[in-house]
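Below you'll find a set of structures to go through.
Look for chain A in each of the two complexes below; its partner is chain B in the first and chain C in the second.
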Partner chain A sequence: MSAALQPAAGTEILEVKSLSMRFGGLLAVDGVDFQVQRGSITALIGPNGAGKTTVFNCITGFYRPTAGQIRLRRADGSVAALQTLKDHRIARAGVARTFQNIRLFAGMTVLENLLIAQHIKLQKATGFGIGAMLGLSGYRAAEAEAIDRAAEWLRAIGLLDRADDIAGGLPYGAQRRLEIARAMCTMPALLCLDEPAAGLNPRESDDLAKLLVSIRDGTATASPPTSVLLIEHDMGIVMRISDHVVVLDHGRKIAEGPPDQVRNDRHVIAAYLGEDEEG
Partner chain B sequence: MTTPQSASIAARLRAATLDALKATGIAFGLFVVMVGLRTDIGPTGALLLRTRWPDVAALCAAVFILRLVLALSVRPQQAAVTPARWAAGLSRAGLLFGPALLALALILPFIPGIGRYELDLGILVLTYVMLGWGLNIVVGLAGLLDLGYVAFYAVGAYSYALLAQYFGLSFWICLPLAGILAAFWGVLLGFPVLRLRGDYLAIVTLAFGEIIRIVLLNWVSLTGGPNGISGIPRPTFFGLPFSMGGGPGTFAGFFGLEPNPSHRVIFLYYLILALALLTNWVAMRIRRQPIGRAWEALREDEVACRALGINITNTKLTAFALGAMFAGFAGAFFATRQAFISPESFTFIESAIILAIVVLGGLGSQIGIAVAAIVMIGGFELFRDLDEYRMLVFGGAMVLIMVLRPRGLVGSRSPSVLLGARRE
Partner chain C sequence: MAYALQQLINGISLGMIYGLIAVGYTMVYGIIGMINFAHGDIFMVGAFIALIAILSLMSSDLMGGPAAILLVLAISMAFTALYGWTVERIAYRPLRGSFRLAPLISAIGMSIVLQNFVQVSQGARVKPLEPQLRGGVELMRDGDFVVQLSYMQILIIVSTLAVLAVFTWLVTQTALGRAMRACEQDRRMASLLGINTDRTISLAFVIGAALAAVAGTLYLLRYGIADFFMGFIVGVKAFTAAVLGGIGSLPGAVLGGLLIGLIETFWSAYFSVQYKDVAAFSILALTLVFLPTGLLGRQEIEKV
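Now for the complex of A and B:
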């Protein structure tokens, strides 16, 4: 699956360059470089405390990195320097994320969750709130379109018949899928997933893997192919669907490459699989 | 077969009697002071203590019988069945309840037997309904606990009073200005508290409410300090004053009516009704809009909002500003109704009452807040005869509501948008 995705200059969607993050005396991330190729699934793995989530939070703007650069190259060729942007600006620049512990709007319905994800687009259609307040047609059309997109994603994740149910009442696996659909409703260029398979049973993990591949290939819905960056502990999923794997340990990158190569890397076995029972 | 059955009946009868006796004991304790002893003003002007023991006995007997019947009629297994049936009936009744309440509010001034006192009470209740709906935007939708809401009410009232006093502006010009000024102060409060949540936000808003009140109290040269501002112009019917003269330029003269002081009261009643309905309409509409959904999302999870590209700063500030604006409108109305305002009207207890209305009514529920305002403010007036006991009664009522319905009178949230027809 990675035949067409050999790293080549200029095809990367995300470029992380000598990224460092310091918390007081602790250097959580130490000069990490890696790239996410356009149209690929890139996995970020490593033992607990390796700095994966910190890297992730730097990319998605929840932390401001101490040093380094993070560049997002969008489809139109424009480049956004993510390390300088505030978090909600990063989402608008085209990076969507999910959370390790699910963060849905639990008291609201499934459909509402997906409409909030399209807030920016809808808010523009309201005409400073006045047009929508009076029920003008411009806003109605925008809302109908947003609902259509939400319904499309609900069909893709198999939750269409639960659209009007409270999100907090869904089964755990469905909540995970809904969070991914919500992130995709922001129409991102890059989807960042923080342990999407945590707590899923084998069948649900399987469905998740298929969903991620269909998101990468753009077959899930009418939306264009989307590159994926994920942190994952479930090595089964990582090895099966990733095109590229980056391994961190103690805040440094110790290996990267296609899954097969990483699996047999001496450093990785020593740092991760050897010392840790999880492998 | 008969022996265990009759034994169980005897046991139930004993339990029910005991329960009824307990209830009667409590009722007796309350009624002795509330009903049994009454002070009247005698013919010489002296206070007379009148006792009404038969009334107390009748009430206690009624409590005993009702409690006994209740305890005997409610079977344990029935208790599980009735709530479902009740709930279905209640939700059906709930659909009609709002319109019925609105219709009653619309025709209230023309119902026979509704006098000046009842209309004044209606105006007071509607003012609190409006304040409750305004605060609901901040607390119920956006989830920002605001303990200083009365500050914006004060800003609105003083805006109108001062603009009318110093510049002679009319009520109809000052009403939007009061709203804008209050919204401005809402934003001003919003900025420093953007990063705060929950308890910390509550403390800062509480302090803000006190700052406004203390500034009003001490800035004597502008606001008159504790003496307040009097002689605030009364509202006109779009330029036609309500004067008793009955000349051609007055309301009564223009419409060829007999001059009557109740005209102004009825006008004020409809004015506050219109303002309250405006608040309701805006809040209901905005809840179905992106900004309203963003407020609710903010209440649910701020971090997820940021990850979805929602600008937290603007979202919070619009909630503060809009909530404050409606308090400003209500404040301007308050000033023109009273014709006199002083900082005493804007103490913390007002904020607490408005917040209690919102919480008791059910955060986010419009109809629940209206009912809570009627119960809190109307009930408070109704039980005026209880004197110092009414605080006790109200404390008890509030505890009861929170025990029975922890999420407020109307605790359920209706979705802002549905994909299909709601499935049963």
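Now for the complex of A and C:
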């Protein structure tokens, strides 16, 4: 499955360049460079404390990096400098993310969770709420379209019959899938997932792997293929679905390449098995 | 019996005014977790704008009839909403992300600023307003005692229900309402999904101020007075209503408002008018001790 798409050169969607993040005296990320190719699944791996989540948080606007650049190259050729944008601007630029812990709007329904992710579009269509107030037809059409898209994703993750249930009441695995669907409803160019398989049983992990591949290939719904960047500890999934793997240790990149190559890299083995060797 | 029925009517119409204001407290608390202590003064500003509108309409001989009252309501809502927006923009937004007490202190400051601004610009005297809506429907006669549902009370009840219906629809059915509820649950996440949380918070203040303006206008028409200090006691009672109903719960705010209105009215009717405020505030103390989450509030469970 991992060989499905070998990206052509010069088609990167995300370019991270000499990214550094310092917390007080601690240099959590130290000059990391990597790229995410358009239409690929790229995995960011590394031992605990390697700086994976910090890199992620810089890309998604949670942290402002101390130094470096993060460029998102969209399909239309425009480039967004993510390190300068505020939260909601990053989502609008085309990056969606999930967290290690589930952050659904637990008190709202499954469907509402997916509609919130389409708020930007809805809001534009409704003239910032004024149209909605007057019950204009444009608003109804936009809302109907948003519900259609949500329904498509619910079908893709197998939750269509739970649309009106409260999100917080779903089983854990379903909540994880719903989070991914919600992120996809923002229609991102790049989907960032922080340990999506954490806490899933083998069957659920399997479903997740299929879902991610179908998101990459654009077969999950009518939405276009979407590049995926993920942090994951479950090496089974990483090796099976990733097109490209970036390995971090102590805040630095120690290896990158296709999964097979990375698996046999001696620096990677050293980092994971704890040999006293620094790359 | 007839007396009690009359008090019930009075209590409900007073309670609805409290409910309208309480919604503003509870909505802001729900979204940004602060008590907007200037909200009572926003109510006062709403009453003053309504008074100015009424007086200017009167001077051009346009006052009278339901259309004029609707116009006054609209003017008051529009201008008061602007005040609500401004207060948030200059006094609360710069403090977002600061320590928890900062916006609270700023709110108390804002309350004093608004009071003094109105005192200086409008004078400290109590402003009287002659009744704009006289008469009523006679419901029941018991000897000499006539149970009356005045047109004013009908106006209060009908307009409050109408405003609350629109508000409920806005919160539960529209994209804007969804965004507000999302911000209430997880503001950071809502932001990461593309929602402009600053604007959503602003809108909560605007809507809250508009509701307070309706309350202020109705209060002015009902009691015929306005002064720069009126927002304090009414505001604190509406706050009590919000706490009683469960702070953060919108239906709770309306329910709490009705209960406070009824308790206050019945207390005045059967016990002592002088102690009516004591009765209302005892409820606040009792709620905080025995039912901290209020009637419809939900338990806050901190995840560890």
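In this text, the second predicted complex is superposed on the first by the 263 of 279 C-alpha atoms of A that agree within 3 Å, B and C clash if a C-alpha of one lies under 4 Å from a C-alpha of the other, contacts with A are read in each partner's own complex, and residues count from 1 in each chain.
Assume contacts are C-beta pairs under 8 Å (C-beta built on N, C-alpha and C of every residue); 3 or more make two chains touch, one makes a residue touch a chain.
Quick caveat: nothing in here was measured; it's all calculated off a predicted structure.
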item	value
Partners on chain A (chain B, chain C) - clash or fit	clash
Partner chain in contact with A:Leu122 - chain B first, chain C second, else both or neither	both
Partner chain in contact with A:Thr186 - chain B first, chain C second, else both or neither	both
Partner chain in contact with A:Phe105 - chain B first, chain C second, else both or neither	both
Partner chain(s) touched by A:Thr60 [first = chain B, second = chain C, both, neither]	both
Partner chain(s) touched by A:Ala96 [first = chain B, second = chain C, both, neither]	both
Touching partner for A:His88 - first (chain B), second (chain C), both, neither	both
Touching partner for A:Arg266 - first (chain B), second (chain C), both, neither	neither
Partner chain(s) touched by A:Ala151 [first = chain B, second = chain C, both, neither]	first
Doubly contacted residues of chain A, that is, touched by chain B and again by chain C	60-61, 87-88, 90-92, 96-97, 99, 103, 105-108, 112, 115-117, 119-120, 122-123, 126, 129, 132-133, 143, 182-183, 186
Chain A partner contacts - residues on chain C that touch it in the complex	170, 174-176, 178-179, 181-182, 185-186, 188-197, 203
Chain A - residues contacting chain C, complex	60-61, 86-88, 90-92, 96-97, 99, 103, 105-108, 112, 115-117, 119-120, 122-123, 126, 129, 132-133, 143, 182-183, 186
Complex interface listing, chain A residues touching chain B	60-62, 87-92, 96-97, 99, 103-109, 111-112, 115-117, 119-120, 122-123, 126, 129, 132-133, 139, 143, 147, 150-151, 154, 160, 163-164, 182-183, 186
Residues on chain B engaged by chain A in the complex (per definition of touch)	282, 285-286, 289-291, 293-294, 296-297, 299-301, 303-312, 413, 415-420, 422-423
